Amino acid sequence: MLIRLGYDIGLSFLAPAPVTALLSVHPSRYADLREPDVVTTTPVVPIEQFFDLFGNRMSRFVAPAGEIRLQGRTLIEDTGLPDAVHWGAREIPVERLPPETLRYLLGSRYCEVELLSPIAAELFGHVAPGWARVQAICDWVHTRVSYSFGQSSPTRTALDVFTGRAGVCRDFQHLAITFCRAMHIPARYAAGYLGDIGVPAAPIPMDFSAWFEVYLEDRWWTFDARHNTPRQGRVLMATGLDAADAALTTTYGAATLTHFEVVSDEVPAGAHPFA
Amino acid sequence: MLIRLGYDIGLSFLAPAPVTALLSVHPSRYADLREPDVVTTTPVVPIEQFFDLFGNRMSRFVAPAGEIRLQGRTLIEDTGLPDAVHWGAREIPVERLPPETLRYLLGSRYCEVELLSPIAAELFGHVAPGWARVQAICDWVHTRVSYSFGQSSPTRTALDVFTGRAGVCRDFQHLAITFCRAMHIPARYAAGYLGDIGVPAAPIPMDFSAWFEVYLEDRWWTFDARHNTPRQGRVLMATGLDAADAALTTTYGAATLTHFEVVSDEVPAGAHPFA
Amino acid sequence: MLIRLGYDIGLSFLAPAPVTALLSVHPSRYADLREPDVVTTTPVVPIEQFFDLFGNRMSRFVAPAGEIRLQGRTLIEDTGLPDAVHWGAREIPVERLPPETLRYLLGSRYCEVELLSPIAAELFGHVAPGWARVQAICDWVHTRVSYSFGQSSPTRTALDVFTGRAGVCRDFQHLAITFCRAMHIPARYAAGYLGDIGVPAAPIPMDFSAWFEVYLEDRWWTFDARHNTPRQGRVLMATGLDAADAALTTTYGAATLTHFEVVSDEVPAGAHPFA
Amino acid sequence: MLIRLGYDIGLSFLAPAPVTALLSVHPSRYADLREPDVVTTTPVVPIEQFFDLFGNRMSRFVAPAGEIRLQGRTLIEDTGLPDAVHWGAREIPVERLPPETLRYLLGSRYCEVELLSPIAAELFGHVAPGWARVQAICDWVHTRVSYSFGQSSPTRTALDVFTGRAGVCRDFQHLAITFCRAMHIPARYAAGYLGDIGVPAAPIPMDFSAWFEVYLEDRWWTFDARHNTPRQGRVLMATGLDAADAALTTTYGAATLTHFEVVSDEVPAGAHPFA
């Protein structure tokens, strides 16, 4: 399956300000790209790219005063398979986890692991370890938290979600991540494209999405406490401890969002993918 | 100057539990070691070592039920110079910061940068940028926060320190780090040995200490909002975003501290360093 | 001046639920009423009325499943004068404050006085005590906090407002109240009608409003950190420690707001007030 | 049974400061007093007494610079019966609660009712209403929270106790009160004497204690999530929404505690009570 990806984001600045962006497809998907994945701006400004601490491809530039548009489009090959489900995937004891997964057991900006550890043990300690436990966590979060655009905030933490029981996709994942870590299961935040491929007509405008990954058995697996059902067509852009690491744009100076458009559509079989 | 370093830490477990430790001297100081720096345990258990996400040397082992002692001792060559002071060191604009410093501008578990950004701008926005601003931040924290062992807690954040105005060394550094990042100055947490070398008789038992580093001009510099004066004999063990990354021991299971001893003494000139 | 007051509030319930309301004019204004001030509902349900802990007139009833409308209208005589300003009003030392004002020095649900006391002393400790200090507090809050309907939440506290710097009228007052109490000035929350009388054309729909009162010299005075200018036509409904005590409706069961209309209009001279 | 009550509290001030104290026996116990209940100070300062918003007897005075001792002793007649237990006591629906109990359903400084309502419903919604539910709440808090003097703080809220699972007696009660209110059961904080009468040798020094009261059936009943067993010899001093209302001393200026002694002993039968 081919997926057409793209975005067009407008930001308005009163004064020139540095911006960093994680708007590129994640390096783990480079082999699937069928077109270059380039960040462009209008007006054109020099853009520097490098890998961040978590291996994401970061762009950096200075936005001039006034409006700037960030635009990109690319084409990616996808299996078209929904998120893998493997009920037999086991929890790995901390002493045998790959060292690079250990940091994902600890607290982070939006995931206060110590604060939610006692209730996590009470809610999920009796559930069979492994995939079933992670799924129980997703079920709990999905059922108890309601989606509410108006009730989120960039400073909302997992504890806030636990008490307020409402939020947007990042909030669902933060709470689920925190519960997983509290149970000693490595969990990391993921952000990317999630189109409505394979989903009965979704009338809402496309946006970027957040999900999360847990380390079980021998690799990272995708979970999504917001949708809580396997989905097709996720295209990863960034991972990190939580949303603090994976903000798609970070502006060092006051900015206003003036435009926001995201595309993530399956290219129908037979269609010319370069159209 | 030669400094004799060592620790002897007792932990008691009801059941076997994995432990990770950052008790080794930081790789940046390997060239200065004059003795091997080995973590040993009593009873002896297999210890695995590797580098963590931040480049610290991490040890991992499974503690058996009962008491375990973690012990180490080594000898390090030190310049004996106090922390460098360079009033001319400039702030680097975000667009020219080395990419690997950028993550140290953002929020982390104990450093809620967004929450303290407005007050940081009010308190330090008018101060000359660069070294003077960082020093003003340290002066503010040092003056307004009182050292109080009883009023800290492992979950205390920079905002808690700002409101409660009391804490231990990690709390001072978290608040200062948060203010620095709010002013767009990269700041990271540091933990290590800090003996009383060059300090008029300090009657308190030695402990590990926390300080922080900021990126100015072309490198990281040491600051310490707790002591707020250049000190001799710091030996770095771990750096990270904040104390969540640099806990000297992390136990994955309930543990009780049964013993705690740290040594960090200058070896008098002429003394046999292997005594 | 005569002011026509009224409200029409729709709430929808899935199941019958008790409701309490503070929708009556405050007893301190009874002498000014020119029409009865009665709460009615559609469908009609029995309503009980009594005074709450703070002397407000509270209504209580059981809402049936489905929609209920709460309606009231009354007519009140008002001096038409703007809020009194008395720069000479002095702070009263705690030992000479009337006993009934003392509770208004302490923390409450949305006003964490201890947490903001150090910064209050730093910001306002040097300002002349009395009216000038309260005005300085209002100026600070009015200037530093931006009005933002979308960024409030029923659980937002004064500390949240201090860090987030945005909110609705209750948020402005909570922060100002907290600062006043931290300076040992009794401050209480007030809710009521605030029409746009005397204000150049205000195109926004009328709502109830919040302000606050401080005790200086020998009585309570009205302040309003949201508008921060003397206003005409305030009609008090409820006072309390903070918004926890003065919620205009409290439902003991899930409810949805289906309608909301508030009227607070000057009756033009010569108009028949009963029209 | 006769109980000898008394206290001797030393406070040290750098500058003269107003103090309020709730060190008198609660008015509801006046009929039981067998000696006058007078607050005295050394040095002697004028003391004013009045009732506070919650009906407690409050003392107010100005402490001079230096040390002041607050002392009192009295003798009270007590039934000697343990706290009443009445498993048949029913929850009263909100619409039939006495109006004066309604405020005890809402949030207060240390009891964030809204924040803990969802988890309260999850933990206690299935328990039989009435006494059994309150007892289930006490059992939960008693079992899950550990007593830890070092981990409390004057700013610790019910949510902090829920997450941190440790605290002193006030912390246990705050969490239990919050859960009760979340279940629409009026609950208020209580502070007073609780000697070790009827308790097998308690080697710890006497202190004041906190418990709480809930309104069931037709009156307030005593519960104590800290001890969670009926106790003899409680002598009430103050009630309020939470510890913010019932602090035994409040100083309006920095003070250091220099002495603290509390007596609450049964006078053995036959002993001369005035000895």
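Letters A, B, C and D mark the chains in the order given here, with residues in each chain numbered from 1 onward.
Here is the rule we go by: contacts are C-beta pairs under 8 Å (C-beta built on N, C-alpha and C of every residue); 3 or more make two chains touch, one makes a residue touch a chain.
The structure displayed is predicted, hence computed values, not measured ones.
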item: Chain whose average C-alpha position is farthest from chain D's own; value: A
item: Of B-D and A-D, whichever chain pair has more C-beta contact pairs; value: A-D
item: Distance from the mean Cα position of chain B to that of chain A, given in whole angstrom; value: 31
item: Distance from the mean Cα position of chain D to that of chain A, given in whole angstrom; value: 48
item: Distance between the centres, which are taken as Cα means, of chain D and chain B, whole angstrom; value: 42
item: Per-residue overlap in chain B, given as positions that touch at least 2 other chains; value: 112, 114-115, 155, 163-164
item: Graph class of chain-chain contacts, one of line, ring, star, complete, other; value: complete
item: Contact footprint of chain B on chain A as seen in their complex; value: 18, 20, 50-53, 58, 60-62, 93-95, 99-100, 102-103, 105-109, 111-112, 114-115, 154-155, 184, 244-245, 250, 252
item: Touching residues (chain side chain A, partner chain D) in the complex; value: 112, 114-116, 118-119, 122, 144, 159, 162-165
item: Complex interface listing, chain B residues touching chain D; value: 150-151, 153, 155, 163-164
